[in-house]
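To keep things simple, chains are lettered A, B and C as they appear, and every chain counts its residues starting from 1.
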Amino acid sequence: MGNDARAVWDSVRKVRATSPLVQNITNYVAMNNTANALLALGAAPAMVHAAEEVEDFVAIASSLVVNIGTLSSPWITAMRLCATRANDLAKPWVLDPVGVGATPLRTRVSDQLAQIGPTVIRANASEMLALSAVTSKITRGVDSTEPSQAAIEPARQLAQTYKCVVVVSGAVDYVTDGERLLGVRNGHPMMPRVTGLGCTASALVGAFLAVVPDPLVAAAHAMAVLGVAGEIAAEKAPGPGSLQMLLLDALYQLDEAALGRVSIV
Amino acid sequence: MGNDARAVWDSVRKVRATSPLVQNITNYVAMNNTANALLALGAAPAMVHAAEEVEDFVAIASSLVVNIGTLSSPWITAMRLCATRANDLAKPWVLDPVGVGATPLRTRVSDQLAQIGPTVIRANASEMLALSAVTSKITRGVDSTEPSQAAIEPARQLAQTYKCVVVVSGAVDYVTDGERLLGVRNGHPMMPRVTGLGCTASALVGAFLAVVPDPLVAAAHAMAVLGVAGEIAAEKAPGPGSLQMLLLDALYQLDEAALGRVSIV
Amino acid sequence: MGNDARAVWDSVRKVRATSPLVQNITNYVAMNNTANALLALGAAPAMVHAAEEVEDFVAIASSLVVNIGTLSSPWITAMRLCATRANDLAKPWVLDPVGVGATPLRTRVSDQLAQIGPTVIRANASEMLALSAVTSKITRGVDSTEPSQAAIEPARQLAQTYKCVVVVSGAVDYVTDGERLLGVRNGHPMMPRVTGLGCTASALVGAFLAVVPDPLVAAAHAMAVLGVAGEIAAEKAPGPGSLQMLLLDALYQLDEAALGRVSIV
């Protein structure tokens, strides 16, 4: 077993031992799967997004995930309030700017949230390019049309601008803090055919941020864990319906041996 | 086959024969699973929560379930309108005060809804303790950190205060109307690793309330049915992804023989 | 292989080759399954419903699906804005008037949206009868209590009134443009026990509208594809939990041979 696999296993055990409470302000599509993925891994999810309570809740949460997949005005208010309060309380938080670039609303909200100062930004390559304004090309819905390596440089610059960790997910997931760069080579090509696995990745990053001090390492471990679970699930899944179900089983059953698959470079 | 098993089977057959229309004002996370559980059992779910229509809809519904899992101001208004109208029309309704105690908003809304007068309140032990104000301890998200028996006395008092039936779910589910006390010993330890099974329990209580005159019995039968389905599912489920799927299959296939597992004391 | 099967296969290949971006303003219950069904088939779903962005988004979408399953005031505004804009841009769109007739709100909103001019209206027989005002009988929640053939004449008249294609789903799905009438005989009796498969049908109609010029043919092909996938799934599904999962697998694996099951009359 390599050092990376051992380190990932150590992080998984910490999640299971402490069961961090991960608050999610996330989209309607992925809410159920995201909660199930966190539970399967051993974390405690809470989906809390009302402006009237987000600031109270983040005070008892271990970390926060803000995902703009299904936006509306009241939620935008809550996202800003909650992210600001998370920073005040020094709680780590993840920004998932779903579909940034697809509409002016998404671009504006993503930019506002990024300026509040997330601990980690996770997006696909198209979204990353839109967020970094390296390209003015309109992203196509919420799925990526760009390979992840196309966004490495923009991601690095973004990480430096916002002093955060940036994850570009794709066939290889790139993780950078503006200086260091890791590539996570786990995962399976059928995974993008299940809705919300990008959102699930962001949620898992939230869980690992609660137990791993270095956000770069936390993010890389989360991506590796989801990728490994996807690989295990894909071995028995004839299609994306089975893949979604088996992925939850794999997160639940994940052990040291399974993590021998971890490939971080 | 014991008397309890026979009585539960009789209730299940009534649900299937009459297919009661169960209106749900419930949270985004559990909405899909809840609807599927009601359909699998043989009831007819409807998720209707707009203030503009909840009072019209409850008039054609057989029962109502109000679950505060994902709160927002417009829904709070709708919950109050709908619960009040349900009482006016003598329709039974269930209150599921998800996460009460975690934020002042949840505590306030739960208290307001409880005062309207639900037929049944279902919660886990942490929530029950918060609702009964026996403890001022903050609940931890939406998962229980207390064993269910710790909430028996608070539940009994709550049932007397609000003249309703109270269910505390846990390893053993306790059901009381303030005088009588039943314990349902069905279920499986993997069930809390599937999101929204507590919400599903509340929805099933709603279905049984529509066909069983005594709310204490209706609630106990619903908890037994979910517990038995969970036990059957867990026998083949390597993890919570499979458990969720097999639980729906088990509700659909539930027969007299399967209900031999019923354990109510 | 019959002509219909070959034509349906041709349409499926077009969806897979072009991966049309299908915008959905749909209900919370079916959002996840709908997105997964579109992804499994090979289309690209986007769930975008904020009034602030729907008009921008529909400009980059290939087609639009408007489903009123879980209504609220802000969404009604967005539905009207988006449908109007879709017409301005000559983008095809589907109306799914879930539960029309169950409450005055649903009836009013369905009527308003129908008057904007959808390309296709898809509903079950009870909803179709309510929408066509042939009967004043209150529909029962969101499930149909009428056989689909009872709604053939109302559907035909509705198609003529709104100059659109109308689909009445049921044991046989009827598709009419006011003159032509097709019957799609695929599907399985267990399908109504999975929540949101009607919504999924509407979403697939949206995908086929993006690649098939004749809306009558597009709608019939979508219904046939869902029905065939349901038949394949039901062969291995002991209950509705498995059915939902295997249906997604079947959509993903759908090939020319499987479409030999297509039965359009």
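Definition applied: a residue touches a chain if its C-beta (ideal position, glycine included) is under 8 Å from a C-beta of that chain, and two chains touch if they have at least 3 such contacts.
These numbers come from a predicted model, not from an experiment.
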Same-site or different-site touching of chain A by its copy chain B, using the half cut: different
Chain A onto chain C, rotation angle from CA fit, given as a multiple of 5 degrees: 120
Between chain B and chain A, distance of the C-alpha-averaged centres to the nearest whole Å: 32
Sites on chain C at which at least two other chains make contact: 28, 32, 244-245
Contact set on chain A toward chain C in their complex: 27-30, 32-33, 69-73, 99, 102-106, 138, 140-143, 192-196, 237-242, 244-245
Residue numbers on chain B that touch chain C, as the complex places them: 21, 28, 31-32, 35-36, 39-40, 44-50, 52-53, 56-57, 60-61, 74, 244-253
